[in-house]
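The data blocks that follow each hold one structure.
The two complexes that follow have chain A in common; it is paired with chain B in the first and with chain C in the second.
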Partner chain A sequence: MLFNSFAFIFCFLPVTLAGFFVFNKFDKNQFAKCWLVGASLFFYCFWTLKNLPIIMTLLAVNYFLGRELHSLQPRWPKGILLKLGLIFNIGILCFFKYANFFNDISGSPFELGKLLLPLGLSFLVLQQITYLMDAYEGMSKPRGLLDYLVFGTFFPYLIAGPITHYEELVPQLENKENFKFSPDRFSLGIYIFTMGLAKKVLLAESFASWANTGFEESASLHFFAAWKASLAYTFQLYFDFSGYSEMALGIGQMLNLELPINFNSPFKSKSIIEFWTRWHMSLSRFITTYMFTPIVRLMPSITFTNSMVATFLAMLIVGVWHGAGWTFTVYGGMHGLALVINHIWKKKRKKKKPIPFFGWFLTFNFVNITFVMFRATSLENALQVYKAMLGLNGVVIAKIFGLSKESALIKSGWKLGSMLKPDDYLVLILLVAAFVLILKAKNIPELSKSFKPTTKTAVFCAMIFSLCLFGFNRITDFIYFNF
Partner chain B sequence: MAQDILQQVEVIIKKTFDNDDVSITLETTADDVDEWDSMTHLELIDAIEKHFKVRFALGELQSLKNIGDMIKLILKKTSP
Partner chain C sequence: MKFIKIFFLTAVLVTSILFGFVLSIDPYNKLGINVFNFATKAVDFPRVNKFNMLEHSKKNYEAFIIGSSAANRYPTKVVKDITGLETFNYAVQSATPEDYYAIFNHITHRSHPKLVILSFDFYGLNKFFPVEDMLLISPLKKYLNDVDFEEQKNLGPYKTYFTLEALGDSYKVVWVNLFGHANHSFLENGDYFKEPPAVPPIKISQFPYPPFEFDSNRLELCKKLKKKADDLGVKLIVFTSPLSYEHWERIAKNPELLKNLEDYKIKLANIFGGVYDFTNKGAKNFNDIKYFGDSTHPSVYFSEMILKRLLKPEEMDGEFGRFVSGGVP
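Presenting the complex of A and B:
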């Protein structure tokens, strides 16, 4: 069940919210938690029942390991329990994610069959790793099975994050203030959810069709078409994933629960270092805490060079985490290398003032170029798009501004295409709108601070929501459901 | 006690960032010191761990928002 579906918005969500507040109103907090767990499992099983045993096994093993790690007298040394937990979680993820890939590249005669990655497994595994680490390091308090199950299955973040720590969610469920229905927080939740929905339905879905066409026809792309495809995908990915994250945040607010922010206007970044503090922030926090820092600490001394090696390795792992295949590995490598170059540059320049526009221009284009690799179905597919973006497949320009065969541009080798079609105008309008939104519009944390539940806001929300309803007939999956 | 630790941390910061002009308060964050970024943060943490003979958990490192948090954590770790 997708967040942007009639079944979710008009059936599942109202029933879940009503049940949660009714139980809490009668001081049946434990029933409210059970209700949330039941609703989350129903939400997950709505896609398929097949993966439920895998998810439940994962949760059961992690719960028992966590209980031992929280215990003052564990049956096994905590270090061993943690290592077992990490091997178990990473092992399951690697098996489902990479078994087919390694089987293919090794030329193994064995047929593994079609192993499908259980929905949400990548996020669930990372979240469970934070749970075990927090329990091991004494960063979380021991609680019961029900609290763990709410944390492990919570439907707003179950499939694609934000990656939330146990102590970020569960104490909120113990706060009696949060049991009461709050009109202010509920309105804010609806507002954030609607904004996220609009990003997904009105923007991401429009860009998706142009990106898909471009990448499918990569061999015949020319200069402008290739840039159109790459920019369309960059905006699709951003509006799709940030829209999803904001819908999750909005649902959390409706339930009086605060979830971590995942996006903070990433395309306003003036360096790639800044970009990774604003893009997929819950993943960045995981990378810094559980990949970069341990890698550096494993090294004999903390030097700049060692930190650079750790940065590159951590980003390579992030690339591979997104999926099996060379494109994701190269994507991770590109970002790792860019971060290293950025840090060296920063160190060399010291206190010299940065050049804002140059920094933004370079960062945006670098990210856009790396997203081509991220989207491409193969290295060859990516190279074809890159070739076209460099103009090596020629430049075809529409018949605009009185261009004719006699024009200097055409004589210099550019080809004259057909007249601009209505679809081309729509692309231009949406691209301009997207740039204005990513550069000028307030983001959700900023809007939340100044939010007031007025009639004007309600009318605005209702209008946006109604527009979104018209777009429900062209539903596709969220991009990050595939990772 | 906290003031004493604050002074010691200031000396460590000056040495780690090779900058004698740095002056810190309990409210100082990484954004207030030019040389303090995600790379040098670990160098600083390492120097503090060695000086106070403490070890920070990975989860603790992510919750440090300012110098005041760091001092509180050092106090917690060094108190008998």
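Presenting the complex of A and C:
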């Protein structure tokens, strides 16, 4: 059941919200939590039942490990419990995500069969790691099984994040103010949810078809078509993932629960360091806290060089986390290297301020280029797109601006195509609109701050929502459901 | 609370207005509604357009070209020049054997054709490729009375009318009728209107093939079609719709799909007593936009060449257009 489906919006969500507030109204807070857990499990099982035992096992083991880690007198040393928990979680993830890959590349004679990654496992594992680490570091309080289950299964972030810490969610469930239906927060929730829905249905889905066509036809792309495909994918990924995150945030608000934001206008970034503080923020926080810092701690001393090595390694791991394949590894490596170069540049040119436009231009294009690797089905596929983006497959230009066979451009080797078709204009309009949105429009944290539940906003929101309903027929899965 | 009430009321109102607008325009003629009495529905609907063209034509057509949009550009003049028969191009988009059969019944019902040239598409025998909705709401449907096939369940206006595409098409209908002028979709004899030359490269991503499974009902329908043609004394020339080399290569990368493609030709040859094969690696010699607009639509120039190959064999690539006489599928 996708957030952007009739079943979710008109059946699942209203029933879940109604149940939650009705139980709370009669002071049955524990029932309300049970209701949330039940709804979340139903939401998960709506996709597939067969993965439920895996998810439940994961939650059960982590709960008992967490309880021991929270305990003042654990039965085993906490360090060992933590290591066991990490091995267990990472082991499960690696088994489902990488077993086939390593079996294939090692040329092993064993036939593993097709192991399918349980939906949402990657995010769930990261979330459980934060739970164990926080418990170990004493950064979370011990609470009951029900609170843990709400945290572990909460449907808005269960499949694709944002990766939420135990202490970010559970204390909110103890605040009695949050048990009451709040029209203001509910209105804000509707607003955020609708904006996310529009990003997914109206924008991401439009870019998806151009990106898919481009990457499928990578061998025959020319210069402009390759850039169109790469930009289309960059925008598709951004609107798809940030749209999903915002829908999750919106649902959280409707339930009076605040979830961490995941995107903060990432394409306004003027450096790759800044980009990673604005893009997939809950993952960036995880990388810094649970990957970069432990790697640095493992080093003999904390030096600039060592921290750069740690940065590179952390990004490489992030790449691999996205999936089993060389493209993701290279993607992680590219970003790791770029971060290292950015840090060195920053260190060497302390006093000189970079030119903002140049910084933005470089960052945006670097990200766009690396997303080609992220989207490509193989290294060969990515290289074909890169080749075309460099113009090595030739340049075909549409018959516009009075271009003829006699034009200097055509004589210099460019090929003359046909006139622009209505679809081409649509591409241009949407690309321009996307640039305006990512550079000029307010992001969700900004919009939330300035949100006022006025009639004008309600009408605007309802109109966007109605338009989105008409787009439900062309829905594909969210991209991050695959990771 | 005011925000929530206004939001829900407006959403219901706006959704109803938008859906009501689409229904009143009825852009695909599904409901037979024309509330505003518009002269035309701007959306192409060849199953209706060509049906009506033929019904209202005073010409006595004796030869027909049948097929999907891949057969749109076969010029009727070439057939007439070679055979002397007045020819009509009855190609319709996304045609499957159900279309071929309905069209054959229509043309034999209104006249006595001597020749039918059938451009057969590979996807047409795939049971997962559905019958086009448009066939089932077109006047051609009455020519399918003796055919038992599974109608899709998605014919309700919800599936096709509760969409952004339908909203856009409804807007186009209004625009064309109020501010533009309605163009004829096809030229005389069902020929395709002139179009700008294609832009390289040739697109290969039109049909995601797998899963592919032969549809036994459609194979039976083909046999029925052949029998009718024989009974009526109609010469039926069948050929596999050409695919660009890149497209064929992509199929060839999948051994199972390639086997299906080869079986498809043999099955057709067995049913129709032979088939001209334009779906093979011989396309390599015609791998240019001069020959293909995209991976499945041959250009007018290439369509002419193919017709000449079928009607007046001449020098062409040995592999491309070869005659397959049948065998064991």
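Keep this in mind: the second predicted complex is superposed on the first by the 483 of 483 C-alpha atoms of A that agree within 3 Å, B and C clash if a C-alpha of one lies under 4 Å from a C-alpha of the other, contacts with A are read in each partner's own complex, and residues count from 1 in each chain.
Everything below uses one rule, namely that a contact is a pair of C-beta atoms (placed from the backbone, for glycine too) under 8 Å apart; a residue touches a chain by one contact, two chains touch by 3 or more.
Remember, predicted model here, so these are calculated numbers, not experimental data.
> Following the superposition defined at the top, how do chain B and chain C come out on chain A, clash or fit?
On the superposed model, which is not a single observed complex, chain B and chain C fit side by side.
> If you stack the two complexes on chain A, which partner ends up touching A:I302: first (chain B), second (chain C), both, or neither?
Once the two structures are laid over each other on A, A:I302 reaches chain B alone.
> Looking at the overlay, does A:G138 come into contact with chain B only (first), chain C only (second), both, or neither?
So A:G138 only meets chain B here.
> Quick one: name whichever of chain B and chain C touches more residues of chain A.
C
> On the A-aligned overlay, A:T455 touches which partner chain: chain B = first, chain C = second, or both, or neither?
Once the two structures are laid over each other on A, A:T455 reaches chain C alone.
> When the two structures are overlaid on chain A, which partner does A:T293 contact: first (chain B), second (chain C), both, or neither?
In the superposition, A:T293 contacts chain B only.
> Given the touch rule stated above, what does A:K50 touch, chain B (first), chain C (second), both, or neither?
It touches nothing on chain B or chain C.
> Looking at A:R285, would you say it contacts chain B, chain C, both, or neither? Reply first, second, both or neither.
A:R285 contacts chain B only, not chain C.
> For A:F186 in the superposed arrangement: first (chain B), second (chain C), both or neither?
second
> Applying the document's definition of touch, where does A:R349 land relative to chain B and chain C: first, second, both, or neither?
neither
> Chain B and chain C, closest CA-CA distance after overlay, in Å?
Nearest C-alpha atoms of the two chains are 35 Å apart.
> Could you list which residues of chain A make contact with chain B in one structure and with chain C in the other?
In the superposed arrangement, which is not itself an observed complex, chain A uses no residue for both chain B and chain C.
> Which part of chain B faces chain A closely enough to touch in the complex?
34, 37-39, 42-43, 46, 57-62
> Can you check the complex and tell me which residues of chain A touch chain B?
Residues of chain A touching chain B: 133-134, 137-139, 165, 273, 285, 288-290, 292-294, 296-297, 302, 304, 307-308, 311, 343, 346, 350-351.
> Chain C touches which residues of chain A in the complex?
Against chain C, chain A makes touches at 183, 186-187, 190, 202, 212-213, 216-217, 219-222, 225, 396, 398, 415, 417-419, 453-455, 457-459, 461-463, 465-467, 469-474.
> Going by the contact rule set out above, which residues of chain C touch chain A in the complex?
1-4, 6-11, 13-15, 18, 159, 162-167, 196-205, 246
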